[in-house]
Every structure is written in C-alpha cells, then in structure tokens.
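The structure appears right after this line, and notes come after that.
Letters A, B and C mark the chains in the order given here, with residues in each chain numbered from 1 onward.
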C-alpha cells in the first residue's frame, strides 16, 4: 500500500502536467501552420507567423502595458490585502464570516458590472482612465484572492512565536519582517501569482478602464473578431515561454543568492 | 499556398497604395482643425497603420485608435462615460445601432461636411438602414449579408432554410440565435423585418413566440449556439458542423483559404446591414472627425483593406477593381440571392429586437 | 533564509539605535488602539471605496426603470427587474444550475488537485519544488480564450485526440468529445486547478514532516494518516481553495460558452447576455447581479461558518 501510494503520487502529478501542457503544444504547433487559420491537419509549416508577431509593434507595446498593469495592481492588492488579512485573523465566528463576505464581494460581482461601476465611480471623481485606472480596477478584483490566500497560513500561525520574539525585545517591525512575513512566504508567493495572472488575463476591466494604451487581452479580443490566425497561437506560445523563463531565472537567482553567502 | 500573403501583411501592402492616393491634397480638403488629435474606436483592420501615418503627415492630426471587438461593449462603455465621450468617432454601425441613436450617444451626419459621401456605392448610400428619425447617423464601410454557410464536401448547396431543421443535419448545425431569428420568422411565414407589425405588438409577440417554440422544438438539431464569427470558422475547420446560419465574411475568408465551404442566401431571404463609423455626440474634435471620414472615403484602397481583413463587401465605389479575381468571385452574389436580401429596417428593428432578445434567452435556457 | 536574513535582522535591530525611530515604534506598541487604527485604516478605506461604493451605485441602478436615463426625462423607480427574475422560470433554472455546477466543479477540482499539491509540498525533492510549481503555473499566463481554443483543437471531430486514435484504427471515430459535459469539465478544471493548488500548497507545506513520519512509524496506514492528520491540518487550505474556485466558477462566462453545449447556460452567461444586448439592459443586469451576489455570499459564508463550528479553532 505504501509503495503503491508512493509511486502513484508522482504519476498523478506528471499526468496532471501532461493535461496542462498537451493542448498548449498543439497551440504552439499551430503557430507554425502555413495558413490563415488554425486546424488539423498541418500540411505546410512556416516560421513566418512567429517572426511576424515578434516584429509587430502593436503586440509588443500591448504586452508592455499589460506587464506594467500587472505589477502595479499586484503591489496595490498585496499592500491592501496583507493588513486586511491581519484584521480578519484577529476575529472569529460570525464577525469573521461577515468580514470575509464583505471582502470577497467584488469577486462575486459579475466582472462587467464591476468594470462599469468602477468606470462610473472614477468618472464621478473626475479621474482619468489609463494604466493607473486599470491597475486600480485589477487590484479591486485581486484583493479577495490575496486575503483568502494569506489566511490559509495566517490562521494557523501561533501567537506564541510573535510573543516570544517580543519578549526578547523585538519591536513590531522586526516581528513583522523576520517572523510573520517569512512564515507567510508560500502564501504570499501564491497571492502575488494570482494578482499577476488575474491582471494579465483580464479583458473586461482593461477595456472599460483603459485609455489609448491597450492591454494585451484587449488587443487579442479585437484581433479575434475576424478570425483566429496562427499568429495569435504563436504570440501566446511566446508569452508562455517568456513568462516561464522569467520565473525560472528568478528562482535560480534567489536560490543562488541564498546558497552563495 | 507557399507564396501566399498573410491577411495582415496583404492589408498592409494594399494600404501603401492607399497612402499614395491620399497624398493628393485636393481630396482631403484644406480644413486644419484647432485641436490636433482625433480619438477613434475601430475594429481591427479598419484603419491601417499606413493610412494613419499618411493622414497625420498630411493634416497634422494625430489619430489615437482604440480597438474594439463588439457593439455591446461600446454601448456599455459609452453609457458609463455618461455623456463625456472619450471618442470622437465610434464603430457601432451594425443592425442594432439604432440603440445608440435612441440613447443619444451619436451625432447625425452633416452631409454638407461629408463631401465624399458621394463615393459610396449608390445602393448602400441611400439605403434606409442608416437613417433613423429622418437623419443619417453613420458612414457604412462594409456590408454584412446573412445566410447559410455549408460544407460543400458534405452537402449540396441548400436553397432553403429547411436544411437547418433537416434530420439529416441533426447535431451538425449552429447559429447565433438573435441573428438567425428574423430569418426563421420569414421561413415560418411571419415578417422578420417586423415592418408589417408596426403598431401591433400583440401580433408581433405571437409571431415571436411561435418562432421561439419552433426553435426550441428543433433544439436537437443544433450542435451549439455561437456568439462570434470566429467560432463558426473554427467549427467548420475542425469538422464539428457542416451547416451554419451566419454572415458572408467568415465564409469568404474560409473559401479564399481553399477550405470547402460555400455561402448562399436561402430563398426565404437573408438580412443585410453595414459596419462602419459614427460620430459621437458632442465630439470634442468634430472638425477632425469630418476630415478623417472624408479621407477614409477618398481612396478605394481603404475599402479593399477592410474587405481583406473582414471578408465582407465594401460599401465604397471602385473597391471591386482592386480585388483579385478569386476575391471578386467569392464576394459576388447571384441576382436571385441579391433579390432575396432585405435591409434591416432600423425604424422597426428596435421594436422586434427587444422581443427577440427575450425569446433568445428562453431558447438558450429551455 | 540563510545569512542575508540574519543581516537583515541585524539591520533592523541596529535601527533601534536611532532614537526617533525607536520612540515611534515603541510608542505605537504602547497604544494598541492607535496601532489597530493604523493597521485598519487602509483595509477599511479600501472596502468602503472599492467594494461598497460601486456596489451602491449598481444597487441604485437596479431599482431604476431604465438606465442611462435620457437627458430630459425623469428617473423612475421600480422593482420590476427583481420581479422579472422570479417570474421567469428559465432564469431561475440557470441560477440553480450555476450553483450546482460550481459546487460540483469545486469538489472535482479539490479531488484532482489535492494529490498534486501534496506531491509538490511533501514528496517532491525539496530543491525542485519551486521549479515544479512554476512549471504548473506557466500555462495560466495564456489567455482563457486561447486556452479554450486549444481545447477545441484537442477535442474536435478533427482534433488532436480523434486524429491520434485514428492512427491506430480505433473504431467508432470520431468520438463526440466537444460541446458537451466532457469538454465543459475538462475546460473548467483547466481554469480552476491553480486556484486550488496554491492555497493547498501553502497549507500543506507548513505541516511538519516529523508529524507524518511519527504517524507512519506508529503504523498508521496512508489512508488513516490522510484522514486523521493531513486533512485536518490542511483545513485552511481546503477552505481557501474551495472558496477561490467557487467564486471563480460562479463568474465563468467565456469558457463555458466556448466549450459547453446548447443546454449548459449558466447564470453568469445570462447576465453577460443581458449586458451584451445593449439597449436599456443595465437595470435588469444589475438586479440579477445583486441576486447572484446575495445568494453566493450567503452560500460561502454558511460554508465557512459550518466548517468552523465543526472543527473548533485551535484543535489543529
């Protein structure tokens, strides 16, 4: 039984990975199709589409806007979500349930409704649309994810740890940066990922809150209107490769630094 | 297939020609507007980079283009903007643009300022579908016709809508409910344009209900309901449907690609309407908007670029001469088909579309 | 955390040598009320501005007869948009279907993803965990629409799966995989799995390996260890993951529309349709959204409460 379960877990994991990646390999292959559409079979192959999207200034600038928005909205959402989680963690029972209810509210609001409401709200305040507005809109949608993610670890953190440190003369800032945040690291990692991913993929809020700078999904949806060409498959594949490479580079960098000193 | 150009690069190539024509200053006129910007919402492929650059060089007007992907999102955004519209020109024409007129989002076109209106094909320029309350509200760019798309390897050219409800095609058909609905009304002997129902909502409601019940009864023939044209193309390409109610553009693109499909207007009729540009109410750069629209209409190359990116017929004169033989062939309709087309009647459409929207929800949920 | 962490601690401790800084930090520690107010200011302000203000706006619209109101007409107030929901059976059925669907999808995601999270946090070699995690996250950088089309290419009549089986002369092809519950399930799981995985990972990672080892040494079977130790200790992760996935699925619109069949209309799609018909649809759409939020929040709140009362706090 032990041996079976020991073998079953890695198998299950790799099957899961295959499930995630198989359709994407198909998509990557479609980017090489010498045609204006994506479909099986692929009779002729070409690298033209990959070259074309890499030279497409509209796509590159949209990706740049999306990247900026993702990072800004992530910073806002974490800055708001972290103290919010501390507040929730102090409560229990019905109060806690009520607080969580209010916090996750924006996530249940259909996104088109939320986008329209935020757009009107900004309009009433006389604020302009653009990158900052989109980042704010995305942060509104991300905060619930940050809070719930952080609570998965914060609730279990024993107060003893912090108290012990305080007794040893540590102040709030030391306790926070040296005990609480490191303990929360895996949850914070998840929260940051959710913020970046949710922002990078959002179309509706980006459309309603954007100015002349369009994010990548807005461009993607506009291009999809008159046909799904292999260029869209190619650029999606390139985004996948670039983001993975960036993630692996960051991981390696952090690991090296921790080992190196 | 090797040396075939891609859709996008072809659009670019033709637009260079367009820029050449644009260099003739007489066509653009001399109006130099006070403010040097123009904000435009547009579908992808309607305004090429080359045209835009040449336009800015010629007139000094900077054009900011925001790409949009459908009519409803523009409606919602304009409603949220609450009168302070960020765009001078929007891209809302289509069979439902009366909603924009009725919500007071648009400015009627001042014919005295749009000199190049005369460069539109006559049959499109004076069609009733651009007017509401006696005024013209937009500039048509491409003409959409709806009918049947079929896989020519699998079936003969269908000449009637009955093919959509034929047991032989069960599970292999698809349609967009709201767009298909008026055609089915015609097929069942009602009036899809609702022209004859004006002032008689009870009769219209009964016609809509009967059509709805018919479609629910035939739900088993449908593989799925689609929303966007891209989905229809994909379903044909992957062999999941062999017959669809849809518009000419997606079909034309597939045919040009060598894929075995055909497009036809069934004998019960099809609808026609236009995509194009409209001026928003109280547009901040109104003068520039007219300069821009005149420039756009001034060269058929712009029309050809739009044809190539959408697969729809152009509303502009002289575009046909710029197309390849294959493109002309694909876009042409027989006389019988042409006579089966009815223009969406904007004056009566509002009333019937409201009923159809509710019916569509019921069909979906049934 | 290593040496750099220690240097950081030294820095923070030496910062206490700077008088004004120390005084400020310590003064704050002596005034719990002020400290609490400082921590609470941002979240409370945010909730008021970002969560409640837009909501109030939409609630107001949901009671208006039409919106936008043309410039020279009066605003009329009505309940008819709420009544429309209860008067029309098919709205109700889409609503119920949404909740059943979201609940099933959440459970399915939990069952599929739990072993993956367990493998990543407990079994995989320590040095490789983050890299494997990044691998699993990677596909989520691709747009929902593109991923949906990728699955269409996999499952279609002339898709990858059917073409592959055809190579081996499989009988009865093409298999009907698309635009039905199979494709819908595959597609939903494809979007939700990460939102279950990361909370579970965060929760499982903190379980002490020695606890599991001790249980194993005492002869507890894997199943027993799972039920008695792993599940209770990962409770927060399970609740968190289920909440995230549930709220994601309730709002899903594009993917079910692209991969589902003609009978699979969900309530989010109904609301989307209302807004996509343009015209004066906002009041109706807002009213429907309010109904959806009300019930969904109640559902999630109840779930959280039930879960809490069964397993008292601190028992873990």
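By definition in this document, a residue touches a chain if its C-beta (ideal position, glycine included) is under 8 Å from a C-beta of that chain, and two chains touch if they have at least 3 such contacts.
Just so it is clear, the structure is predicted and the values come from calculations on it, not from any experiment.
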Field: Co-neighbours of chain B and chain A - touch as defined
entry: C
Query: Which pair wins on C-beta contacts, B-C or A-C?
result: A-C
Message: Report the inter-centroid distance (CA atoms only) between chain B and chain C in whole Å.
response: 38
Message: How many angstrom lie between the centres of chain A and chain C, each centre taken as the mean Cα position?
response: 12
Field: Multi-chain contact sites of chain B, meaning residues that touch two or more partners
entry: 70, 73, 76, 79, 82, 234, 237-238
- line: Touching at least 2 other chains, the residues of chain A are 38-40, 112, 116, 120, 221, 224, 228
Query: chain C: which residues touch two or more other chains?
result: 149, 153, 158-159, 275, 282
Field: For the chain C and chain A complex, residues of the former touching the latter
entry: 1-5, 8-9, 12-13, 15-16, 22, 25-26, 28-29, 35, 39-40, 42-43, 46-47, 50-55, 57-58, 112-113, 115-116, 118-120, 123-124, 127, 130-132, 134-147, 149-151, 153-154, 158-160, 163, 190, 193-195, 198-199, 201-203, 205-206, 221-222, 236-237, 239-241, 243-244, 247-248, 250-251, 253, 268, 271-272, 275, 282, 285-286, 289, 292-293, 296-297, 300-301, 304-305, 308, 313, 316
Task: Under the touch definition given earlier, write down the residues of chain B that touch chain A in their complex.
output: 1-2, 6-9, 39, 43-45, 64-70, 73, 76-77, 79-82, 84, 86, 228-230, 233-234, 237-238, 249-250, 253-254, 257, 259, 309-311
- prompt: For chain C, which residues count as touching chain B in their complex?
  reply: 67-68, 70-71, 90-91, 93-94, 149, 152-153, 156-159, 174, 178-179, 257-258, 260-263, 265, 270, 273, 275-280, 282
Statement: The chain A residues in contact with chain B across the complex are 34-40, 43-44, 48-49, 52, 112, 116, 119-120, 123, 129, 207-208, 210-212, 214, 218-219, 221-229, 231
- request: Spell out the residues on chain B that touch chain C in their complex, using ranges where they run on.
  value: 70-73, 75-76, 79, 82-83, 96, 99-100, 103-104, 178, 219, 222-225, 227, 231, 234, 237-240, 353-354, 357, 360-362, 364-366
